[in-house]
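Below, each structure is written out as structure tokens.
Two complexes follow with chain A in common, the first pairing it with chain B and the second with chain C.
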Partner chain A sequence: MAAVAARGCGGVWRRAWQHGAGGPGPSPCGRRAAASSARGGAVPVGKSGLAPWVPVVGLEIHAQISSNSKLFSGSQVQFAAPPNSLVSFFDASLPGTLPVLNRRCVEAAVMTGLALNCSINKKSLFDRKHYFYADLPAGYQITQQRVPIAVNGSLSYSLCIDNKMSQMVTKTVRIKQIQLEQDSGKSLHDDTRSQTLVDLNRAGVGLMEVVMEPDMCCGEEAAAAVRELQLILQTLGSSQAVMAEGQLRVDANVSVHHPGEPYGVRTEVKNINSIRFLAKAVDYEIQRQIEELENGGTILNETRAFDSKLGCTVPMRDKEGKQDYRFMPEPNLPPLILYDAKSLPANMNHQQVINIDWIHERLPDLPSVTRAKLVERYGILPEHSFALLNEDGLTEFFENVVKQTQMKPKKVIGWILNVLLSYLKQHSLTVKESPVSSVLMADLLNLLEKKEISSTAAKQVMAIKAGNLKVLNKLIGLVQRETQGRSNPVLVKQLLEKKLSE
Partner chain B sequence: MAGHRCIELVPQAVTVEVLDHLEQLALVDFRDAEGVERLRKAIQFADQLHEVNTDGVEPMDSVLEDRCLYLREDDVTEGNCANELLKNAREKVEEYFVAPPGNIPLPKLEERETFLKGS
Partner chain C sequence: MKAAASLADLDTFAELGSVGSGQPLGVLDGIPIAVKDNFNTAGIETTCASNMLKGYISPYNATVVQKLLDQGAVLLGKTNLDEFAMGSGSTDGVFGPVRNPWSYSRQYKEKYVPKSFSEDGESNWVITGGSSGGSAAAVSSFTCFAALGSDTGGSTRNPAAHCGVVGLKPTYGLISRHGLIPLVNSMDVPGILTRCVDDAAVVLGSLAGHDPKDSTTIQDNFKPFELPDLPDVSKLSIGIPKEYQAPGLSSEILALWSKAADLFKHAGAKVTEVSLPHTRYSIVCYHVLCTAEVASNMARFDGLEYGHRSDMNKSTESMYAATRREGFNDVVRGRILSGNYFLLKQNYENYFIKAQKVRRLIANDFLKVFRSGVDILLTPTTLSDAVPYIEFLKEDNRTRSAQDDILTQAANMAGLPAINVPAALSERGLPIGLQFIGRSFQEKQLLTVAKWFEKQVKFPMIQLEEVKRHNHDVFQHQRSASFS
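Here is the complex of A and B:
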């Protein structure tokens, strides 16, 4: 019987037969069976009759709103400032202070809700969620638990089948809701002195929590969905969504069950710091749960942290059982009312009014639309458009080159993706840092089209510009040959370098 | 026709388990029988709400529900007062507030000094 690959949704996982792994008990971290990868390839089937597993993955994503000031106070939002310098009396929860809602944060949430096909609630409410922690000075977080600002949306994302870029499949994940809430401060644990240092700069920064329904089934899907969300947020400008700076945080809810049976107990996985680690963490947790259950164990409804060094999830300390958050309405904030063209009140100060339709009309093209336009306009393949949008500034670079060269866009794209991009990656440069400008590249491609230079030569020029000195020396050698040894190598080098820096 | 809803049960005793749970959650200390009695009286007072027939009535969100929620412009107007804020701190380390290492949960009922144990 053909083995079933653990591939995409609808795929089911079979327990990998671990040669020599010995008796019961989950594999220790790091000794994962090679077959647990979701990236295609046959997974050896275990003992016959072993029932397949269906993994279920849901995500809770917190995106920091890109704004000048915080959600409920006028202190600045900025990464890496002197500790406690961006903190107002309200952020520090001093008695007598009150929350005042930032208009920009509401607009960001409405834009995001519209981009994710949500229904925007014209009336939404604020609540208090109570728990004790040193970086939450008020002892509660203001959030939207009862009626959030946006509900019932969807996000479409794409995956490559079988590791080939040429076969892409589109999937959709439902968005349960988007809510506005406050961020907490930062705790620095000093275990040597048995204390925690608290910096409240981040306390009160506006967050959009995006809740994705458990429609995903593996790490790759989760990663692709989050990547698309990241691009959307960056396109809208509602969040810069840089995971490394904590502007986008993802918690994964993972469970497994047999087909036809009810969902299994889920665990929550936190401390995931990149999209790559998200895929790893989810896949590890799925595998861990399968092994645990097949060995007769049970899954605890617990919170686990992803350890990126070991590549595994571990139970999180400091999480004391089930929390009772004692939600209550935020008594200091009336309901948030949003309007549209029809319900717009006649006499209100327009600064106090948020018009959903006005925002809708001004939404920029979302990534999916931009990709479709690129394919249509330039005749490139869908997977090319994905690659262009995946790298900051690359689309613009491509379009600039196309404008300035006679070479057909379908050929240009190959040079952009296979030559330029790989050189940039090799030297860890961003498109903005590219030593090869779009002008230079267009020139090179024009020479190539007119057959005045060879494709090898063009690649070498680009390589030199991208910093490969070996090629520079080779060019000097070529010049020497051409001039039959009569040229001055030092002068040649200087001339070449000057030419290349133009 | 609006009428009184029956008060279904005699108000239930507030159990030790509930009191222990509250002490853990809210970090309050009922201290003695008088404290517990005050809680019971507060619950009894609030239970009077059950006497009102609310069939077909939309729940009220808050007493502010017909007020306008003021929207502030996204300008930086506050902050930069670390020194003032830290004046309130018992301990500080280089402009950081100092707190104990993580949450130390209240010991379980059997293990802590509370009059609830005697109940």
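Here is the complex of A and C:
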């Protein structure tokens, strides 16, 4: 009962569901969203004569700001601290407490806005968004509904066609706005004792909500855009953006329509906590909507959750029903005023103002610039530059190796990406945890360049270093062959082990 | 008299004040003060006269409370109010109504002609006005030298007028609201109730200025000031806004008002009639903005983190509903309901946005008048003197608030400083006050004018029957009330 999606990512999908002969009808979660693996090449399987479907995907991304303290209070921000250990009077909404805006959070939002080519609003406003929920102590969230801090930006991201690294295309998604807002606390529902436990450590942590226009058309595009955003945030340091720790949370708005027709009714898929799941969730949802519509059904404007175990989206039990958030201006926070070099008042205390130009001048190289520099400096292929930035610390590792070896960077990159990374992957290690240091790698590559060792031997040393001790025997064998069997294997083994553990 | 909602025990006094320790802490050293029970006081119950917060002990001091304590003031107790400061009588709190000390004054008892419905005399007592009625009563009855009130639509000036004390509502942003449990954040200010204008200036000097915990306070430092001993008003321009001749204004207050205008004229001041044309929309507009913020501010009272929690445990939602039904009185619940209505997406433009626009027009009215050269506006504070409690109950809270705030709340809409100065006793022997409204952050000018007026009118001291034999002592107190 495989669903086969047919699409060219020009944005046109066709009906993809095929009933297995005599097979049972589709159970909502029993099918696989095949779309994600069916890029290009796939043959449209839909009923002939059917108009193609155009999926439309927009994203709302909440990025937790990397800061010492919360958005409006002095409580510390820390992941996995004991429950309710990081809660100020304000965070617990004690009566009479007032918000005081954290400068660091504003700077992080300005940096992010600039990096995403936004115009920064010199005057932005805070609003209250009301709803009753146990982990929202004040009964409202302070956000920026009317005038957010940054608007009208864009994000360029690249993705490969047909899963081939050699065919990369660059796309752009418009950024509607970036708004500052408070995170909520966390509710833990204990069904057996029918009680809800509330942890307010996260309540009031600063968030940047990045709203992306519906310029994407498939899971892979959404995933690539989010990945690029993640890299940018990490480069800026404005967010650690670790999805597993909830520092980057993605909601996807998905709809489908026929070309030339208005957008279809959209659903919002929430609770997506990894980039891989994002691609799956979006593709599944597109698929589901197409099938639903082709079967004569309708799409409800609803919130759905992605069930990563079942690989499908399911309607969320709408806790709040149709919400009217009853927005109103936050009266306790004056408008947020930012300055640039031109508007900066002469006698203003620098501690009290934020200068957009000052921040702009100090922005680090963004991933796209770093990649271009790598390509130019080392003559490597663009796709290699993507691979280098894809893992934290890999670029540094590469550059360190290059510095210490006579081997050409173009060759070095191959050794790192193809050999070292695959060994590390086998042992679930990151490059930062790599037992093969850049010095050792450079030594090996130097020996290789001087033809003192074979590439097989170099690979085996790397494999052992990466934790694969079985290869040691092969190495002993090599020594034996070289010494024509005159060496003592036990001693060779001891010596090798000693050498390798250095 | 239920002026005090809760009294700190004497041990706490010793800790709070430096009385007897030898080293004065500041200008308020050893001065007994009372604080309205909607300011947070660390370790002492803070109730807002509501079931919702009955027994609630705050872990922190409001900035103004801390500043008073830092100056050596002794916190005498927390004073009663309308629940969450929603009211104009100090009658709608969970601890019962506040009685006006003037009900027990010789002045009132001598002039009061018992009517048929209340022969017993016990039911003749009059209200304090509100919502800071407890604070006004405490100052008026010599319980303390000064008290903190709060003023959102007149809640400090109204009871000050009814209790014959000075009630200052400073400019919005001059005094920190941190720790004041809000009614309407965009209009609330801590108010100061004292027996004379000089005292108000001293307390203001201890409280005013930037607070890093309240982002709406002024950035600049505030320089405490002393008022001149012989204030001069001859170079001033006093405006008499004609719109304040509101329907229902008692003839004796009207007469007093024009007498006061004459006083200024005779002293050489320029007195002119001015117009604040949007004043008449102020009350409806206030109603929308007030209830909208109330709906929002009250959302935090859900029984989870603090305060009352209902036993209802069917679901979180039913617990919320029961908690709020049990915790709030009808007035609070009514305002939450209408506020949420005004904030609904479909109503927001028609009500909230419109009200905000009208608020701007009202503020602009004041700006125009001040720009035309007027320094201070002179108006009545209330429509009449204090009414007996049984009379007051005949109208509901909403009607009462609308009537009683009518002359005071425009200053809140515009954020301007305003002060009630006791001016005379009514025919019934009850205090009547007049209000001065000044330019933003021009408290010194406002208080100077108020002090001059205070000197002219020589408002009589309350003669409490119970303390008649201590008359001499009381007089001494009155003299030393000016502790500047």
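What we mean here is this: the second predicted complex is superposed on the first by the 458 of 502 C-alpha atoms of A that agree within 3 Å, B and C clash if a C-alpha of one lies under 4 Å from a C-alpha of the other, contacts with A are read in each partner's own complex, and residues count from 1 in each chain.
Methods note: a contact is a pair of C-beta atoms (placed from the backbone, for glycine too) under 8 Å apart; a residue touches a chain by one contact, two chains touch by 3 or more.
Since the structure is predicted, the reported quantities are computational estimates derived from the model, not experimental observations.
In the overlay built on the shared chain, the residue A:101 is in contact with chain B and with chain C. After overlaying the two complexes on the shared chain, residue contacts for A:73 are found with chain B alone; chain C is out of touch.
Among chain B and chain C, the chain that touches a larger number of residues in chain A is B. By the touch criterion stated above, A:179 is placed in contact with neither chain B nor chain C.
With both structures placed on the common chain, the touch criterion links A:92 to chain B and to chain C. Legend: residue contacts after superposition of the two complexes on their common chain; A:134 is shown touching both chain B and chain C. In the superposition on chain A, A:191 makes contact with chain B only, while chain C stays out of contact range.
When the two complexes are overlaid on their common chain A, residue A:333 makes contact with chain B and with chain C alike.
In the superposition on chain A, contact is made by A:351 with chain B only, not with chain C.
In the superposition on chain A, the residues of chain A touched by chain B in one structure and by chain C in the other are 89, 92, 94, 100-101, 130, 132, 134, 196, 198, 324, 326, 331-334, 352.
By the touch criterion given at the top, residues 21, 25-27, 61-62, 64-82, 85-86, 88, 93-103, 105 of chain B touch chain A in their complex. By the touch criterion given at the top, residues 39-40, 46, 48, 53, 58-60, 62, 177-182, 184-186, 212-216, 219, 292-293, 295-296, 298-302, 304-306, 316-317, 320, 340, 343-345, 348, 352 of chain C touch chain A in their complex. Listed in rising order, the residues of chain A touching chain C in the complex are 89, 92-101, 128, 130, 132, 134, 137-140, 196, 198, 324-328, 331-334, 352.
Within the complex, the chain A residues that touch chain B are 67-69, 73-76, 82-90, 92, 94, 100-106, 125, 130, 132-134, 187-191, 194-200, 317-318, 320, 324, 326, 329-337, 351-352, 354.
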